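Shown below is the structure under consideration.
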Amino acid sequence: MAINKVVADVQEACQGIQSGMTLMLGGFGLCGIPENSIARLVELGVTDLTCISNNAGVDDFGLGLLLQGKQIKKMISSYVGENDEFERQMLSGELDVDLIPQGSLAERCRAGGAGIPAFFTPAGYGTEVGEGKEVRVFNGKPHILESALTADFAIVKAWKGDAAGNLVFQATARNFNPMMAMAGKITIAEVEELVPLGELDPNQIHTPGIFVQRIFQGKDYQKRIEQKTVRPKA
Amino acid sequence: MAINKVVADVQEACQGIQSGMTLMLGGFGLCGIPENSIARLVELGVTDLTCISNNAGVDDFGLGLLLQGKQIKKMISSYVGENDEFERQMLSGELDVDLIPQGSLAERCRAGGAGIPAFFTPAGYGTEVGEGKEVRVFNGKPHILESALTADFAIVKAWKGDAAGNLVFQATARNFNPMMAMAGKITIAEVEELVPLGELDPNQIHTPGIFVQRIFQGKDYQKRIEQKTVRPKA
Amino acid sequence: MLDKIGIAKRIAQELQNGYYVNLGIGIPTLVANYVPDNIEVEFQSENGVLGMGPFPFDGEENADLINAGKQTITAMPGAAFFDSATSFAMIRGQHVQLTVLGAMEVSQNGDIANWKIPGRMVKGMGGAMDLVASAENIIVAMMHTNKAGESKLLTDCSLPLTGVACVKKIVTNLATLEIHGGAFHLVERAPGVSVDEIVNATAGKLIVPPLVPEMQL
Amino acid sequence: MLDKIGIAKRIAQELQNGYYVNLGIGIPTLVANYVPDNIEVEFQSENGVLGMGPFPFDGEENADLINAGKQTITAMPGAAFFDSATSFAMIRGQHVQLTVLGAMEVSQNGDIANWKIPGRMVKGMGGAMDLVASAENIIVAMMHTNKAGESKLLTDCSLPLTGVACVKKIVTNLATLEIHGGAFHLVERAPGVSVDEIVNATAGKLIVPPLVPEMQL
């Protein structure tokens, strides 16, 4: 029998999230972010969070909502533009920011989930990202040693999921979600559609359920578009 | 437009494979092995091969066919049972064998494809696998430094593929194939079914075409079962 | 004294609801037959499947669907297939709660040897080194003594190691033992086995508490 | 002198059949509009798509399908979606044949600075550090001078670096240049631009061959 990961709602899913914790949140920009769980974090009012997320949302959506409430102590991201409140808090020193090359961020999350404590990458060598890090030359090219990232809770958003916690993502909404799901001590998955066990093709699972501890069907997804860019119909 | 990777047949696919080269071959036991390409390697008669493959086939199938012809100089594998000719050549010193923990083998192939020259893993620490390797303690636990593996040619077998080189695998026939596809300087994919471009759902690609240089539809797959294990019908 | 099935039944008592479990070849495989009815566990096979089911009915076997022992298997509803790197990410990342495997020797500090006998054909460690180095919870299933009657629970392993200081629990035909503080601790006697028999069959340091209950199977 | 479109057109000449290409934000994005008809290339976006197509028709945009600039896009037949770790495995593993990106400064040994201006709000490097450290073939698309009229082709970068000794080719509004042996090498003049103008606009060491052809666009 499959292990049942279903929780009733976002309230139950977010139980145990406390001030001072480290959270990973999936998404790239506003694409593939766990909207329901972020709203719940606002309700819970937990503070002093360290958030590992590729971006920091916009002023009135995504992680921007947590920034508005000054719930975040530190952001670990690769790119944090598009957010005035972020800029204000960062420049005022209220918010600590650790900027990490995007590929290193993705790989460090995967490493955290995969039990690989450290790995060498060329990204950031010779830059301030490499300062204080071990340098080693492989095949004539200098690399720096990067360490794994993990989190107390990883919160991801998928397109479909089942009771066993198996997840399937849609298009580029996949992004950081699968690696973060691997790296959370507890991983919460919110899905657009919770399908009956056996409906997902076992060949086509992006995140096997072993990486997910709690799953629920989210609601009222806004799925905002940051840069609507279109061409006219011919 | 998609980049077209289709070659006419196994002969064209294997062009350039020469004696002395390092090859990666996908498969676990006889499951998911590139049957057509192995048969072609026998025909070509190339020798002094270094073969990176989780297993070495059985006497009369899989890599066992290359062992029969004494085409392999060195095997890099995690488990090489079920093969008498292998045992004979190994004990006589004709065949060099490098045994690697299965998870390290998989991760070293992935690392080779992902531009990660080395990573730390706990597997093999304190054993002969760890001899001569750098040891470092993370979170109180000793790890050893393992290096990336790459190959002149990686040869993989998929269930379906398209002209862009995108691959989809079936069940546990996936195994080492995706990582090896990443790690080949040239990657050859043989598929049971070559489908028209656009037929594969872009959400459901296991190996994106960027990792594949040549693809062809194989034929006459035997798909032998090593350990047929069944239960009686009730 | 337990037979192989008895050892498997005793280990099955260690299963807890929600466990992901990796079972090695041999006795460990039998554990899957004795999962308590009131819990849900999922079996992982390191060649790339989570949610392994029973063997297929004759004629329904699929060459593309095997376990790590290369046996044909089935997949349960909710199963997932994945590549070998992801599979060992699960193992190395400690997402698998319990690993059960056989051994040739275990030492009193938890070292295990189960892959190589010098002078004999070496088949390889397969996934065993990753499993023992990574798992938080490893149970060894084995006979207490080898075919020559010599103890397999030793002060130090004599064979090349598979992993260091990793075994926490052993279930043999004679006893259940735990390993901590550099010693074997006797926890239970197999039915009909005396403490003396266990002491005599154990070469490594063995701590025997005043009361040693008999296993309940 | 070239405008942004001219720079994009010139860089498009560097595309070869079978190339996988990553285009940065700004001028590089425009390169996709000028792919020669007789070749096939595929565009990779580091947020997880290979085989990017044109922008969608109005009303057909999909919030789940964006590029690294967060713009709505489409996918071509034969496209593939994947996670961010796989995406950077492609980049770091040098499976992407050409990377085109903008820069604030480039030095004569190929250092590039394009992510941070001390004292100003820092938005982050995104994927730029991975791209420049990994790519075998990087082309920088930029204006030859900044808004103050100062050269962006320097002896040493003054801004915090994005990558070291990685840029091999630059296409500016004035010229095409290659970098090797610790110097900029003038390869082509933009239409109507004299060698002297290029020399005057280049602060770093510039090697000028006897004959400098004009670009053919």
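Order as written gives the chain letters A, B, C and D; numbering starts at 1 within each chain.
What we mean here is this: contacts are C-beta pairs under 8 Å (C-beta built on N, C-alpha and C of every residue); 3 or more make two chains touch, one makes a residue touch a chain.
The model shown is predicted, which means the values in this text are computed figures rather than measured ones.
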Q | Between A-C and B-C, the pair with more C-beta contacts | A | B-C
Q: Please compute the C-alpha centroid of subunit B, do the same for subunit C, then give the distance between them in whole Å.
A: 28
Q: Find the geometric centre of each of subunit C and subunit D from their Cα atoms only, then give the gap between the two centres in Å, rounded to an integer.
A: 55
**Q.** subunit B and subunit D, separation of their C-alpha mean positions in angstrom
**A.** 36
Q. In subunit C, which residues are in touch with two or more of the other chains?
A. 49, 75, 81-82, 88, 91-92, 134
Q: Going through subunit B residue by residue, note those that touch at least 2 other chains and give them in order.
A: 107, 110, 114-116, 121-122, 169-171, 202-203
Q: Give the pairs of chains that touch; include all such pairs.
A: A-B, A-C, A-D, B-C, B-D
Q.
For the complex, give me every residue of subunit A touching subunit D.
A. 28-32, 54, 77-81, 87, 90-91, 97, 99, 101-107, 109-110, 121-129, 142, 159, 169-179, 206, 223-233
**Q.** Footprint of subunit C on subunit A - complex, ascending
**A.** 1-4, 110, 112-116, 162-164, 166, 182, 197-198, 202-203, 205, 208-211
Q. Of all residues in subunit C, which touch subunit A in the complex?
A. 17-20, 40-42, 44, 49-51, 75-82, 86, 88-96, 134
Q.
Under the definition above, what is the set of subunit A residues touching subunit B in their complex?
A. 107, 111, 114-122, 136, 138-139, 143, 168-171, 202-204
Q: State the interface residues of subunit D toward subunit A in the complex, per the touch definition above.
A: 45-49, 54-67, 69-73, 75, 81-85, 87-88, 91-92, 111, 121-130, 133-134, 160-165
